[in-house]
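Listed next: structures, encoded as structure tokens.
Shared between the two complexes below is chain A, which pairs with chain B and chain C, respectively.
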Partner chain A sequence: MTDTEIMVGSGMKVSVSRDELVQKLSIVSRAVSTRTTVLVLGGILLRAENGELSLAATDMELSLRTTLDAQVDGEGAVVVPGKMLVELARLLPDEDVVIEHRAEEGVVRVDSGAYSSRLHTYNVEDFPRLPEIGAVGTFSVDKDALLDTVSRVSRSASRDESRPVLTGILARFEAGKLVMAATDSYRLSVKETPMEGEAPELEAIIPARALTEVTRIASAADTLELGVQENQVVFVAGGVTLTTRRIEGQFPNYRQLIPESYEQVVTLPRNDVLEVVRRVGVMAQRNSPIRLRFTEGELTVSAQTQDVGESHESLPVGYVGEPMEIGFNADYLRDGFESVTGDDAEFKLISPLRPAVIQGESDDFTYLVMPIRLPST
Partner chain B sequence: MEATILHADLDSFYASVEQRDEPRLRGRPVIVGAGVVLAASYEAKAFGVRTPMPLGRARRLCPQAVVVPPRMAAYSEASKAAYRVFDDMCPFVEGLSIDEAFLDVRGMRRIAGEPVEIAERLRCAVRERVGLPITVGVARTKFLAKVASAVAKPDGLLLVPPDLELEFLHPLPVESLWGVGAVTAEKLRGRGIRTVGQLARVPEEALEAMLGRAQGRHLHALAHNRDPRPVNPRRRRRSIGSQRALGRSPKSPSELDTVAVGLVDRVTRRMRRAGRVGRTVVLRLRFDDFSRATRSHTLPRPTAHTGTILDTTRELLASAMPTIEREGVTLVGISVANLDDDGVLQLVLPLEGHDGVALDEALDEIRERFGQSAVVRAVLLGRDHGLSVPLLPD
Partner chain C sequence: MPGAGHVRKGRYGAGVRLIVARCEVSYSGRLSAYLPESTRLLMLKDDGSVLVHADAGGYKPLNWMTPPTVVAEEGGTLVVRKRQGRTEDRLEIRLAEVYSDVRHDMGEAASLEKDGVERDLQLELAAQPHALGEDLRLVRREWPTDIGPVDLMCRDFDDQWVAVEIKRIATMDAVEQLTRYLERIRLDPAMAGCRGILAAQKVRPQAATLADARGILTVEVDLETLRGRREPDLTLFG
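Then we have the complex of A and B:
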């Protein structure tokens, strides 16, 4: 490298480790927008200052930021096409990577070993301003409790954008506990988890997708910090900062959805039933239901799809009373038995047209699922 | 292959029913209208009156025309009577709309005579039993039969013999083809293509480049007289929808919402009555300049639930609001596609505090017993419900 080249570069210039770059890029790239309408949202913001290179990406709903050690030869910021940078970083030949912004040429040079490339950039001024973390008061939360709670309820959240509230998880921090609820209007998951720490009272509907990302960034971290600022919720874990939009609106009053009494409470061997539901459910294709037929002492699970096939399997259960047949979406039923814990699961029923509830060893988790109406019922 | 497909099309249907029921209207230009022209008698069409022209403009074109409000119940009755004649005549009837149908009379020669004879008998029977003029086109394909009836109108009969199909088709203007409206016709005219014959000489690739892949292929096939679709009497609906023409004055978002509420109510009720559920909600808009736009959203599971479909419709409407404000909307249509039978139905949690399905069912039952307006949403109170356009059974 010649002296003249150093003189030309008045913008950002950093040397970083490839492996660390790849690892940090893979974290923030999950907030890179996949929609192409606003180009700059497909970019990753690189900012070099104080011996660090910080990376940031946002799709306007979710943002992710982190930093890595860098030798900073020039401070500054630039936005680089995200997908391309991620793909490129993985393939670089040498452990040392030099990234240099040449503002006058409108490019970023990425050099590693004998490899050299020039990427076109986006305008830094077009990149959305992300909430200042320093200004947000964060408090430390019980990481394991929060992650466990998210993992138990998140699959009941809706992926259908036409009802935004249902794509979120209702999170309520109360004295000594955390309550989360999610529903896609076909099933409902509610989990209460005792929680240690100083968490203040707080209730927010947080996009399920953001909480899934929180699980990803926090699972290997020691601590998890949480803060709320206007319509944003902030999580900090393992040197990564995640901000997400709060979902506006009224979460359904889920408590009134849970029946107060049941006609039947059947105790089922959780693992056995789960296996049976998985096996038999293979034949429940398209919108075909999986059927549970309860008779004295026996449960028969069956599924049938026209032009595909049929399967059934019975297992002994402690059922007493009139035979009852009830249909479910096979995936919803499987999700229910997967999200409860313990050797036994309680299956609570009212009628083939009323919601059923699955509960595990403790009653702090409730999975409620609506049946599929069968032609004969 | 011989020409056995009949396209039977009632002439100026609504207007003819009015002339049938009111002798003073016979022989006079008659316009059935409500804001826009819904139908015009041939006497009025002679003055240039067309559907869906605004009524004011139609009146200026034809000041002596008698304008009557629509009587949908009478049209529905007349349509049923005409379909009874079709069904008596032939077992293969495919309804296209309230006033037109395809009939396939293949294999009926020995019991009923030549297709043209059957067509003539059909015309007489509709005239005698329903009191309405009808035009029948007879051809080897559905497409040609439909073109033939359009050419033979009004009160006519036209056979396209299989060996003269191209001679019949090629001199016709491109507008005769299914799928060629004013915009496409204009595009084609810009390239010097006016007749079907000229269109047939354009290579398929060139047409695709000009009009897009699907339409290019479609028109190329039609111009070469390729239409393999059989008459399908059991054809099931692939969507259930309803639409409402609005005046040209600007509409506030709340007025549009009210229109949407009315349409969704009607559509979901029809779905439930037909025992169908659907996943894709489609919003259709027509703007002041007659351009159109379509927005759709596919739900995770099929439903006939009014609340769910209304929520989706409102989202679609909101997303189209900038265009509506810019262009001015003149027609709103809502349909639900991706239909399925409701035999097995995923039940829904009563998130709004009540079971929406039970509410739907109760309202349906009340309307079935006491009439459409026995129970009305507050926003629709005292409003004209729009025309309940009669439709084929779902």
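Then we have the complex of A and C:
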């Protein structure tokens, strides 16, 4: 990784458009750290050179950088408290904004119309050196395919930092397709998406949070570039560069987790079931399960929480065989039916204690979810 | 009124003694403090702790002395002494009027209760070391090292030594503690390959990262599940 050079001790002075400044600040500020232990990570690096003002922020896991046109009257760099700059910029009265660094006073002056403020700055030398983008070979990826895949699998990623590997999404680029998988050990989402264009074969575990940010910055962009380094992944879209660390470790062998056969495959009207699960799931509070009882031709969904209440609703389904009752985390079940597409969803069951699978009309997406043990099972 | 106290190591008498009395208290040691005469609750615990409470100010005592202490009682005055290197901390309680003076034997259960979740986890994991996710068998609880005992010493499926440290919450300090134990244990050539497992109800992310970097396995265990009061969550993998 090559370090970027930061000019220190500047007399930076730029004039920029308020609206563009606000828009770009709102992008990079998402990487501003909310932790107060490292003060400079709460800052946004402003650097003026070559007729541009570049903005950068990082919380050490994720970094976001972008640029905006500027009239540069003095080149240089300075780090300004991020959240305060964002809040301030939104409220500026005039379309033109002048930002001037007064190094000898340790402040940045922000002027707009009759408004003027002085913001204390952080030491620019303390700001982490971000990966040099030019040193990372990037390639163009099928933006729509990548964003769709991320949106389908990301909700299965874990938020529990005690198992870092599970907070990431396994991304594997193969010839003509992209495979992504995420699991929090209670559910697993896997999606295979055909991809246009030439992408080198590679595999990386990328923080789910970073990929969610990629969907934000790339949704309105025309193209999406991707580069992978030894320990970093770089995305470039719409003039914004996002870098994130790769998560080290062994991702669970998800293929082994998907059952090869099922006792029951029930075709369900996806939207109807989703509505029922949402309605009934309201009563599944405090980790209470939502119960699915399959009987000949009927599915009854119910939930009960002590001291809260109970609800149930039935709908006709094409179930044949011995009655089966199985419990799930209501949120996980809802996520599953939301993640698949199409009018119908296949619900594949083995037993009340074995994982169930939800698939849409195409089989390129699989949602595997573990049941919750019911008192009677 | 009981006579002059006699101190034995670790046990200071039959149970906890609670005195409600009008008294004045003077403390000398690292600093000097004086509480004028007033009604207070004096708590003399079986482990040698002495606490002086007022009926205000929350849970915190006005004065306290941690064990080991020497408690003596003469002529209506309780004297609590504790060596602090070359100096001595001294708490002198002059009892003007005693309203209540009772002893309660808290029994053996109390000592287990004091140790709380960690002790309970140790007992449960000693009985079912496989709950740590491996085919382990217990060799000994409280395996001694020259810097203190490690909670469990086990052998794994390949007959390799595994030292297990148990915490309610695993922090980076717990990783450091187990690292120190492992260093000492591995000095024995026969145990040079001893591995470490840090087991806790909750493992802090920083602790997990540090443990991983040091080759120490972290395992989250649930006391209620170990006790059989709660079925473990069904998961896709361990």
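Here is the rule we use: the second predicted complex is superposed on the first by the 367 of 377 C-alpha atoms of A that agree within 3 Å, B and C clash if a C-alpha of one lies under 4 Å from a C-alpha of the other, contacts with A are read in each partner's own complex, and residues count from 1 in each chain.
Basically, a residue touches a chain if its C-beta (ideal position, glycine included) is under 8 Å from a C-beta of that chain, and two chains touch if they have at least 3 such contacts.
Remember, predicted model here, so these are calculated numbers, not experimental data.
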{"item": "Clash-or-fit label for the pair chain B, chain C on chain A", "value": "clash"}
{"item": "Contacts of A:120 with chain B and chain C, given as first, second, both or neither", "value": "neither"}
{"item": "Dominant toucher of chain A (residue count), chain B or chain C", "value": "B"}
{"item": "Partner chain in contact with A:279 - chain B first, chain C second, else both or neither", "value": "neither"}
{"item": "First, second, both or neither for A:288, with chain B first and chain C second", "value": "first"}
{"item": "Partner chain in contact with A:35 - chain B first, chain C second, else both or neither", "value": "neither"}
{"item": "Touched partner set for A:372, first chain B, second chain C, both or neither", "value": "both"}
{"item": "Selected from 26-34, 44-52, 62-70 or 116-124: the stretch of chain B that, after superposition, runs into chain C", "value": "44-52"}
{"item": "Intersection of the chain A residues that touch chain B with those that touch chain C", "value": "162-163, 183, 185-188, 252, 257, 353, 355, 368, 370-373"}
{"item": "Complex contact set, residues of chain B against chain A", "value": "297, 299-302, 311-312, 315, 340, 343-353"}
{"item": "Complex interface listing, chain C residues touching chain A", "value": "203-205, 208-209, 218, 220, 231, 233-237"}
{"item": "Contact footprint of chain B on chain A as seen in their complex", "value": "158-160, 162-163, 183-188, 252-253, 256-257, 287-289, 327, 329, 353, 355, 368, 370-375"}
{"item": "Interface residues, chain A side, partner chain C - complex", "value": "161-164, 183, 185-188, 252, 257, 353, 355, 368, 370-373"}
